[in-house]
Amino acid sequence: FGEGHIPGFVHLYMGEEAVATGVCSNLNEDDYITSTHRGHGHIVAKGGDLKYMMAELFGKATGYCKGKGGSMHIADATKGILGANGIVGAGHNIAVGAGLSAKYRGTGQVCVCFFGDGSTNQGTFHESLNMASIWKLPVIFVCENNLYGISMHQSRHQAIQDVADRAVAYNMPGVVVDGNDIFAVYEAANEAINRARNGQGPTLIECKTYRHRGHFEGDPTTYRDPEEVREWLNKDPIHRLFEYMIENNISTEEEIQRINEEVNKEIDEAVRFAEESPYPPLESAVEDIYTDIVEEVRVR
Amino acid sequence: MRKMTYSEAIREGMRRRMKEDPNIIILGEDVGEFGGCFGVTGDLIKTFGPERVRDTPISEGAIVGCAVGAAATGLRPIAELMFNDFMTVGMDQLVNQAAKMRYMFGGKITLPMVVRMPTGAGTRAAAQHSQSLEAWLTHVPGLKVVYPSTPKDAYGLMLSSIDDDNPVMYMEHKVLYAMSGEVDENMEPIPLGVADVKREGEDLTIIATGRMVHEALNAASKLSQDGIEVEVIDPRTLYPLDNKTIFNSIEKTNKVIIVTEETKRGSYAGEIAAIIAEECFDNLDAPVARVCSLDSPIPFSPVLEDYVVPNFQDIINAVKKML
Amino acid sequence: FGEGHIPGFVHLYMGEEAVATGVCSNLNEDDYITSTHRGHGHIVAKGGDLKYMMAELFGKATGYCKGKGGSMHIADATKGILGANGIVGAGHNIAVGAGLSAKYRGTGQVCVCFFGDGSTNQGTFHESLNMASIWKLPVIFVCENNLYGISMHQSRHQAIQDVADRAVAYNMPGVVVDGNDIFAVYEAANEAINRARNGQGPTLIECKTYRHRGHFEGDPTTYRDPEEVREWLNKDPIHRLFEYMIENNISTEEEIQRINEEVNKEIDEAVRFAEESPYPPLESAVEDIYTDIVEEVRVR
Amino acid sequence: MRKMTYSEAIREGMRRRMKEDPNIIILGEDVGEFGGCFGVTGDLIKTFGPERVRDTPISEGAIVGCAVGAAATGLRPIAELMFNDFMTVGMDQLVNQAAKMRYMFGGKITLPMVVRMPTGAGTRAAAQHSQSLEAWLTHVPGLKVVYPSTPKDAYGLMLSSIDDDNPVMYMEHKVLYAMSGEVDENMEPIPLGVADVKREGEDLTIIATGRMVHEALNAASKLSQDGIEVEVIDPRTLYPLDNKTIFNSIEKTNKVIIVTEETKRGSYAGEIAAIIAEECFDNLDAPVARVCSLDSPIPFSPVLEDYVVPNFQDIINAVKKML
């Protein structure tokens, strides 16, 4: 990143990886997720393909959205990924709809709704949790509380410390977990997902975490205390996982080394795929608006 | 063939399709037991039960957003907004989600959903319950907009709106609910994008929508007593718009007046006028005229409301001015 | 009513009188209130003039809104009445704005926001209570829980019994009172208003009450159990007040008789005033849209 | 006289008025310490403090609604929506409250408030962050709509928007933020409803708004090399609209093209075209043409976005087609 290959602005997930991973490793391929403007992590965790994602970030025809969506709109219906979303709070309603659909069709599917702390002040959060709760829908609301909505520290945007407290307003369970501890996240998600599958309704899970980078790439983040940032960098979830794996002899330094190399290789391949892919043809700009209407083009 | 009201026609259209397809559900405030604020969903809950005719909390944003999520995952929801004025509360879900999702995802998702919106003035319901906001919706790529003016059209267009794989905004005029007419319950769906010539005439073309179709027909019959033969075209779907029928009529009459209940400024009537001005320039003997509501909110007092909204007399005046 | 003098539909306040009265008797003339589609009671309680209100219901030029607003939009800025509102949930935001304004100008004014149980599922409720709470605004949120949003019983539109529980989500006090007991309402409002004036921020007060009539005049209310209705009719707040006054020798049967007669006389006068008032002139339809622009009229 | 960017001009206009009137406050997401998502409010918080330059939670509905309540009770709030695309979230507060309140209350309340809306495409921000939704606002009686295209206009129009006693929607084009120009900090406010002729010409009239004014000027200078003299009019305020300047120009040129960045269907460009078609019929030698964005959402990929949005070349093509 930051090499100018990627148009527009991107919101990185760095520092919050344990949440998406810990949650999604509980999900089946046909389960649904709704995501946010900070969606890369969720999409990868739900089985999205790095190549197509990278190509989309580059605005190429081979991207998930044929270059029409970009970073904030990556989706893969075949994997139940109902899309990243550029509108803060929009995913909440959509998740409720997916939950209603799953319950109505009786498929046993669940929908996980990922969202940030800032979005919990949006009206859609309230309406969605209320609806999911009265209808006992199989929706798991996962709040990634990274302490900020852009420059607004949580203490300035809401008068509570735990977003999970808001579950009371909907008579649903509210759980707080260390969002940088992948096992804690996994456990909490597992229980909530089981409740949902058993028709016991939604759960609100709050994962305390932190974004290592600025809100978007280029954000100077003058609003954050460097001390605070340093502290959280030390809590990096991936580091913690690796340390844990070594301490408990689950894998060796070498193996982790290898994993890292593989991941980097995959990323390099994805970047190469994206770079080598063609841009979409101009006419495609007026396709895919409707299933059955193609709008007029302009001659240029 | 059976006589039904406009409101029954909408209901029976939904009932017919819901019988055929279990994936069609209805969502909205008081649509169940209560039968809908205007009685449109009526007894559907008796036929299909509360799971398929679902009462919601007062949360328009969530109603539309929920329909989007359901449509994206295999259902064909029909959402009711109690008044089209409340689309303001679900505007993001309509415009930034429903309308754009297919495009943003590169065509890899379909959203078969209908949003029903009781529209228009005439019920002494004042500024927040009387608007005609179709222009906003026609401005949004990704949405189709339907606006029937008779029971038959309401029935046939409801079938095709439900059958459509795109988000369809289905406008209903509140004052027309009680109007009755013949409907063939086995009729074919009326395809979106096909206008209906409600009356033929050679002297002048009137393009009217919703309740204004009837004001225009009323004006036309009065004018024909003075030997003036007006052609009345009802587009029936605002988008896609049936330009061909409109252009053909203008080629014949060389004069056109557009009549809608919208606030004139920024109205869809303006878009139609702009299209005609651009495409029919050489066929026009007179400037394209618009008869719309005054540029004010809809006032409560009956005397004021009846003045702000156009009626047959205003249409007659406009026609005589043009001829 | 019901004699066809009044155009459109009206939402009656009958049965809920103790709420508006108990709350507003704590307010100064320059304090603010925001109201709902069921606003008549609030407006009278805040000192609105029956004559102008009735004239407005009749759509006459002498009405509060010159006949342009009608039942759902009666307002009187001179009395701090920021208007009835036809959009469920719209008053919440406006009240927050009035509270912000009062606090910023340092006038010691407060704003009372009246709303129904059904409106507490609207996103505006959530956003407004959050904002009022983080900024410690002098706003008192008064929920008139009459158990229904049109035909939806509270148990079907939210998974909680006490709306007041939702205060937790904003870290503000939540109080439940018997909304048909004018003294209980007065006490609760008094405490909340004092908190607000002292800069201690907002309070959510839930008043349990019931509407005697249908949602609007003409509503058959088949969705309510007649038994339930009968029970509540026996709890009629005005009756209760009168009984109390007699039992405690505050006033005699005769005095109450006289009060009733005076009220009826006032109403008759208001109706006469409304009937005798002229309808607004047609040109007025395009006035009052802007302070400085009058739109085109049509010749008819 | 001082050189400023468009973005500085907006800020300095607000600073000047805020110094004069303590009742003016700013509300919005990240407008304080952070200085605004596009840096427009910048250091205002240093001058006026956090009470007057107030960071809000992410609650657009409450931001606009709060501004309405504050304006109704003695303040003159300036609300910032981070992107005009987010007006969908505060639509009810804009349309059913701010715009109608004065009318519904019989003129007994005034709402002096400004809503700032960064608008337009060109930043590779895709469908939900690139729209030009001014047409919706112009359709709503009770709102005024302003859309400056230069630092000078941005400054002068901000002064009059703040001075206005009605809700003013102040559109800002994101791509213009960095553009700089001369601004007289002591200038008089530019009255709403007065267009500016950005370039004079006899052969054809172009009416353009926002960023398109510059594409039109670019096209005009290229065309004049071929001896074609185009007049470029920037209405600057969309409502009230300065018809007189437009009509006078058409009387001279007899040809008109309207250029906006809006989705063509249902655009305000269409309203302007309809007005001209109705009022200037006898002065037109050619049909009124519109150059707008294609009828699609704004795509992400730079190649597609640049194709959907019109540029000077498209304007040149349209002019040559017409002459």
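The chains carry the letters A, B, C and D, assigned in the order they are written, with residues numbered from 1 in each.
In this text, a contact is a pair of C-beta atoms (placed from the backbone, for glycine too) under 8 Å apart; a residue touches a chain by one contact, two chains touch by 3 or more.
Since this is a predicted model, take the numbers as computed values, not measurements.
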What are the mutual neighbours of chain B and chain C in this structure? A, D
Using mean C-alpha positions as chain centres, tell me how far chain A is from chain B in Å, no decimals. 39
Between chain B and chain D, the Cα-mean centres are separated in Å by 30
Measure off the straight-line distance from the CA centroid of chain A to the CA centroid of chain D, and report it in whole Å. 35
What residues in chain B touch two or more of the other chains? 57, 59, 61, 85-86, 88-89, 92, 96, 103-104, 126-128, 141-142, 295-297, 299
Shared-interface residues of chain C (touching two or more other chains) are 65, 67-69, 73, 85-87, 121-124, 127, 130, 134, 156-158, 289, 295
Based on which chains are in contact, what kind of graph results: line, ring, star, complete or other? complete
Which residues of chain A touch chain B once you look at their complex with the stated criterion? 32, 34, 63-69, 73, 75-77, 82-83, 85-87, 90, 92-102, 104-105, 111, 123-124, 127-128, 130-131, 134, 287-293, 295
Note which residues of chain B are touching chain D in the complex, please. 85-89, 91-92, 94-96, 99-100, 103-104, 126-128, 133, 135-136, 138-142, 239, 262-263, 265-271, 273-279, 281, 284, 286-290, 295-297, 299
Complex contact set, residues of chain D against chain A: 29-30, 32-34, 37, 55, 57-59, 61, 85-86, 88-89, 123-129, 294-297, 299-304, 307-308, 310, 313-314, 317
Give the list of chain C residues in touch with chain A in this complex. 121-127, 130, 133-134, 156-160, 165-166, 168-172
Which chain C residues qualify as touching chain B in the complex? 7-9, 56, 59-60, 65, 67-73, 85-89, 118-119, 121-123, 149-152, 156-158, 222-223, 279-280, 282, 284-286, 289, 295-300
